[in-house]
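What follows is a pair of complexes built around chain A, which joins chain B in one and chain C in the other.
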Partner chain A sequence: MSDPQALLSVRDLSVSFRTRGGVIRAVDSVSFDVLPQQIFGIVGESGSGKSLTILSILNLIGDPNVIIAGSIRFGDQELVGAPASVMRGVRGNKIAMIFQDPMTALTPVHTIGAQIIEQIRQHRPVSASVAHQRMLDLLDAVGIPDPRQTFRRYPHELSGGQRQRAVIAMALSCDPALLLADEPTTALDVTVQAQILDLIRALRVKFGSSIILITHNLGVVAEVADRVAVMYSGRIIEQANTADLFADPLHPYSWGLLGSMPVLDGPRQRLAAIPGLPPALDNRPPGCAFAPRCRFVRAGCEIAPPPLRAGPHNVACIIDDHERASLRSERLTP
Partner chain B sequence: MLSAIIRRLIHMIAVLFGISVLVFLIFFATPGANPAARIAGRNASPQTIARVERQFGLNKPLPVQYGLMMKKLFITQNLTSFVNLGEKVVPQVFRAAPITLSLVTGAAVIWIGFSVVIGLLAAAFRDTVIDRLLMILSLIGISMPVFWVATMANLITQGRFHHTWLFSWVPPLGYVPFSTSPLGWFKALIIPWFTLAILYIGLYARVLRAALIETMQEDYIRTARAKGLSERQVLIHHALRSAMIGIVTLFGLDFGALVGGGALLTEVVFGLQGIGYLTYQALETLDLPMILATVIYASVFVVMSNALVDILYAVIDPRARQAR
Partner chain C sequence: MSNLLEVRDLTKHYTSRHGFAGKRVVRAVNGVSLDIAPGEALGLVGESGCGKSTLGRCIARLYTVTGGSVTFDGVDITRLGGRALRPIRAGLQMIFQDPYASLNPRRRVGEIIAEPLHVHHRGNQASMTARVASLLSDVGLGPDALSRFPHEFSGGQRQRIGIARALALDPKLIIADEPVSALDVSVQAQIVNLLADLQRDRGLAYLFIAHDLGVVRQIADRVAVMYLGGIVEIGPVASVFGNPAHPYTRALLDAVPVADPALTHRDRIRLAGDPPNPANPPSGCAFHPRCAAASDICRAVKPVRRVLDDGREVACHHPLAAQVDTQQA
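Entry: the complex of A and B
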């Protein structure tokens, strides 16, 4: 089912941690493909495993007790189990990462210019002056005003939005084919969020990178992503092109997520919340992880995790399409 | 930056003034003690005590006494000891200071160098045999009393093995001024340097290891790894600078205290007549003017090295540059 054109192909990725109480599986059999120049969104609440999924792409989970299993193919390169020297050549060079909190993502004791140049010269055999010019161009490209002055600044001297732009400039410095963005706008205020999202969208055109965008903000996904995967308790429970997912969500959890989005026009009403909490990772039910909270739970749900339905719109739910239509209309008229 | 340094200097002078007043009050205004009798030393004749009272203006109000004392210490520099009659105190301090400075500065270079290397290695090989071994060695270094290490060093290099090829180069105990012979200076001090440094190597290596391991949990370390840097680059370029801040704080305090006389044990065992040695002798003979002078001298060094540390902070950490 792997797309031959895929830039990144993740198959049955599992991330587990050895703990005193046994092995805890935080990401469970996740599979997805990212096509060239695609913006792939991953949504899910805190603890759903979305950050671990993309950190494991670059093998950046620092915990010595982590076990990563499955396959992550990047082009013709297998990244799971790749030696450290290979990973160093990929990190920052072919796959770059933007982190959630720009306040803490830059080393406080170096100027932003120096940090960008460091990355360029790590991967490209260029002279200091070429790297310097490239750094200025990058800062300009991400919309930092007056790069010739700003590159001398230390991270603490810049605003959150400026820092995130600097982080993005750094991530782009070696023209990566894939950009991993871990909640890049969460720590920023709303107006800056919109600017950074515009920037990310523009960069795809300008730099031609694919982007994996992690967020818990459905609005962000709706705005920028081409394709979306919804994660719940370490598994992808639904995956579709963005328009399809928002027009016709198939999984009851996705219904709940979309139902909890405020609507600007239309009658004001209390936002619907999904009752209950996600299961603890060490105590996940044997069947569908969402079953204990699902309003439409039935006998088959609790036996085994439902398989992900093949096709362009994948869903891991045993409710069949006819029934789903009636359930949805029932949901919409509570 | 410059204005920050000037501000720091003014601050320093204010602190020094405060310390001098405090020290003065301890010596001259302690209730129930007669400062004249103390200054005059043990078994002083009534005439001597009377002379002391006149010289130090002890029948005048306290601020005048303070002024006279400071004048004797800093302006005329003719404060004299009554225990070693006629011996001027301030020139003695100035003679002893270069010896202590040589000893402590050399030791400081050694202990910073070694502790940074050991701390980095231990952090890089965290929880491996190498880490454990280095930390046990550090603990041993911290646990060995400096006077014992010094005595052992003397026993080996001056005694039993002095005539073997290994230690025949070791000069007799004592100090050789740098201006007389740089090589002689180095030879005379190399063993005292290491002896004094051992404790601090152990201490600083452990502190640095802990700071490095904490820094390695920071988000920006993950960013540095995501850039494709090697672990060594991450450790040295991104973690070490931040982790050094704790070390610099310790260094300011330790260096100041040692230069101010804290290297007493090392100085006494190696026969280096530095500030510590001077204080030790003054305490033995209850030579009050000498004690007063060395205490003031010590406080000058503690305050100065703290000011130096503040400037170093600004060099290491750009976030500290605009502070205050």
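Entry: the complex of A and C
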């Protein structure tokens, strides 16, 4: 089932929390492949499990009450249950991460140059001068103006966009094969967000990295991702190549998300909002988690979670294709 | 006067101590004029630090104003003090961005919504109870919410509570400062629809402050675009968003990611750099260091707002070509 070309292959990944009230499964049977140089987008709302999914790739959930099950294969290395010594060689080296808030990802007491050099020398046996030159090249590559002056600055002296560029430079310092980006533009203004998205697109070409991009913004995925997974309440409910997902979304939740997004052109229409809220993780319905909010809910929906249909365009919904085509016109009207 | 709100040359300056260099003046809002007619929704957009929230709070008189005037419903409220402001505030309410911070965690929802009624002595206990129940149902919450505390509600429901509180005194104008930006997409759409319905049903006027242009387009009749403390373009939403005259408006629209992969490679203006620091604004037009069309006059002379043929106003020496053509036609 997994693509032999895949750089990263996630199979049946589950993340559960042991709580006083029992075990809560926050990520449930998630599977996807990331190909070399692919930008893979994961979209979902708060609590959908998208951040936990990528945090578990680097085993960054340092809580003894968290159980990670399933398989995450990176090349020929299994990451689930890998010893700490192995993970140290992977983190920041082969797989690097960019966080949402660049201010908390950088230490305020060192210059950005020093922080990038530290990262390089942590993983590579190079001299200080080689590392210094590499740091300047990286700052230049991510579009920081005048790197020879800017590397001496502290994070608080930079704007939000420049800080995020510095964080990206740090993530790139060891030529990672895979870059994990968790809402990398959410904290930024829209004109700066556009700059950073351009940069992320260019990185794939310049550095040849694959990128997993997590976002709540469908516009951001449409702009940069090659393939998209939509998560709802801990599961992937639809997965397809970006062009297919936006041209022909199959899951009613995807329809609702697209209908909830205000657009900037065409006639002004009432938003087709999804009623209600996502279920609490400890009180998920036994069937499809979206069923209580779904306009097209039917008897079979409430029995068991629908399986993810195989093929290039996966969807977890029991509505059959013929009927879906007739519902499609209906979904366009709020 | 037919306008509900008239703002003229409003300025708000902050003075900050800056090390040994002495005082520094930050011009957060710098000579802003705008009008809102009764029942009209004016959107106010701009990036962080452009002064849009400060402007909203100056109009609500949560801040003292440095210069200029604010006239609400025929009354000059620029210099009014606490007690004299109270009757004004009944007609001018605010909805805040953070539904977690704007509700008192130790009060029950019923008390939170009734508080404005108590402050303004509206009715007796029985009529207040009935009023609170009807407000709750207007914003889509059930009567069981009355005796619960804010922490028992989700973000979207808390924002509904904040809206009910703002509606309690039947205001004429609501200043909504980023009311949906803390919410998830599907919940955001619910609240946007609710705000649009309330405006239609109650004839409310809004000053709707947001950085999300799509949300503003959904609510506003007219829109004002702010950059570094000043309004660079203001006019009907359809013309400003459909056919921007100011290069900054165009760049802002172009920067919005579109949920349609077929459109991502369209021709767009990309801004370089970051917005400048309001403590140290550029000479002439504040936008000139980032503007592709900037010329000598832009660096030297601050452009004044002028009216174009379609009624919109723009502060630019070189408004975009499409607009100049329509002006001549």
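Assorted remarks:
In the analysis below, the second predicted complex is superposed on the first by the 332 of 334 C-alpha atoms of A that agree within 3 Å, B and C clash if a C-alpha of one lies under 4 Å from a C-alpha of the other, contacts with A are read in each partner's own complex, and residues count from 1 in each chain.
The definition used in the following text is that contacts are C-beta pairs under 8 Å (C-beta built on N, C-alpha and C of every residue); 3 or more make two chains touch, one makes a residue touch a chain.
Note that the structure is predicted; figures quoted are calculated from it, not measured.
With both complexes superposed, C is the one of chain B and chain C in contact with more chain A residues.
When the two structures are aligned on the shared chain, A:79 is found in touch with neither chain B nor chain C. Of the two partner chains placed by the overlay, only chain C lies in contact with A:243; chain B stays clear of it.
Applying the stated contact rule after C-alpha superposition, one finds that A:96 touches chain B and leaves chain C untouched.
In the superposition on chain A, A:271 contacts chain C only, with no contact to chain B.
Look at A:168: by the touch rule set out above, it reaches neither chain B nor chain C. No residue of chain A lies in contact with both chain B in one complex and chain C in the other. By the touch criterion stated above, chain C contacts chain A in their complex at residues 47-48, 154, 156, 184-190, 192-193, 196, 211-215, 217-218, 241-242, 251-262, 264, 270-272, 274-275. Residues 216-220, 222-230, 233, 237-238, 241-242, 316-319 of chain B are the ones that touch chain A when the two sit in their complex. Only residues 58, 60, 62, 88-93, 96-97, 99, 101, 104-110, 118-119, 122-123, 154, 156-157, 167, 170 of chain A touch chain B when the two sit together in their complex. Taken in their complex, chain A has these residues touching chain C: 45-46, 159-162, 189-195, 197-198, 216-223, 242-243, 246-247, 256-265, 268, 270-275, 277.
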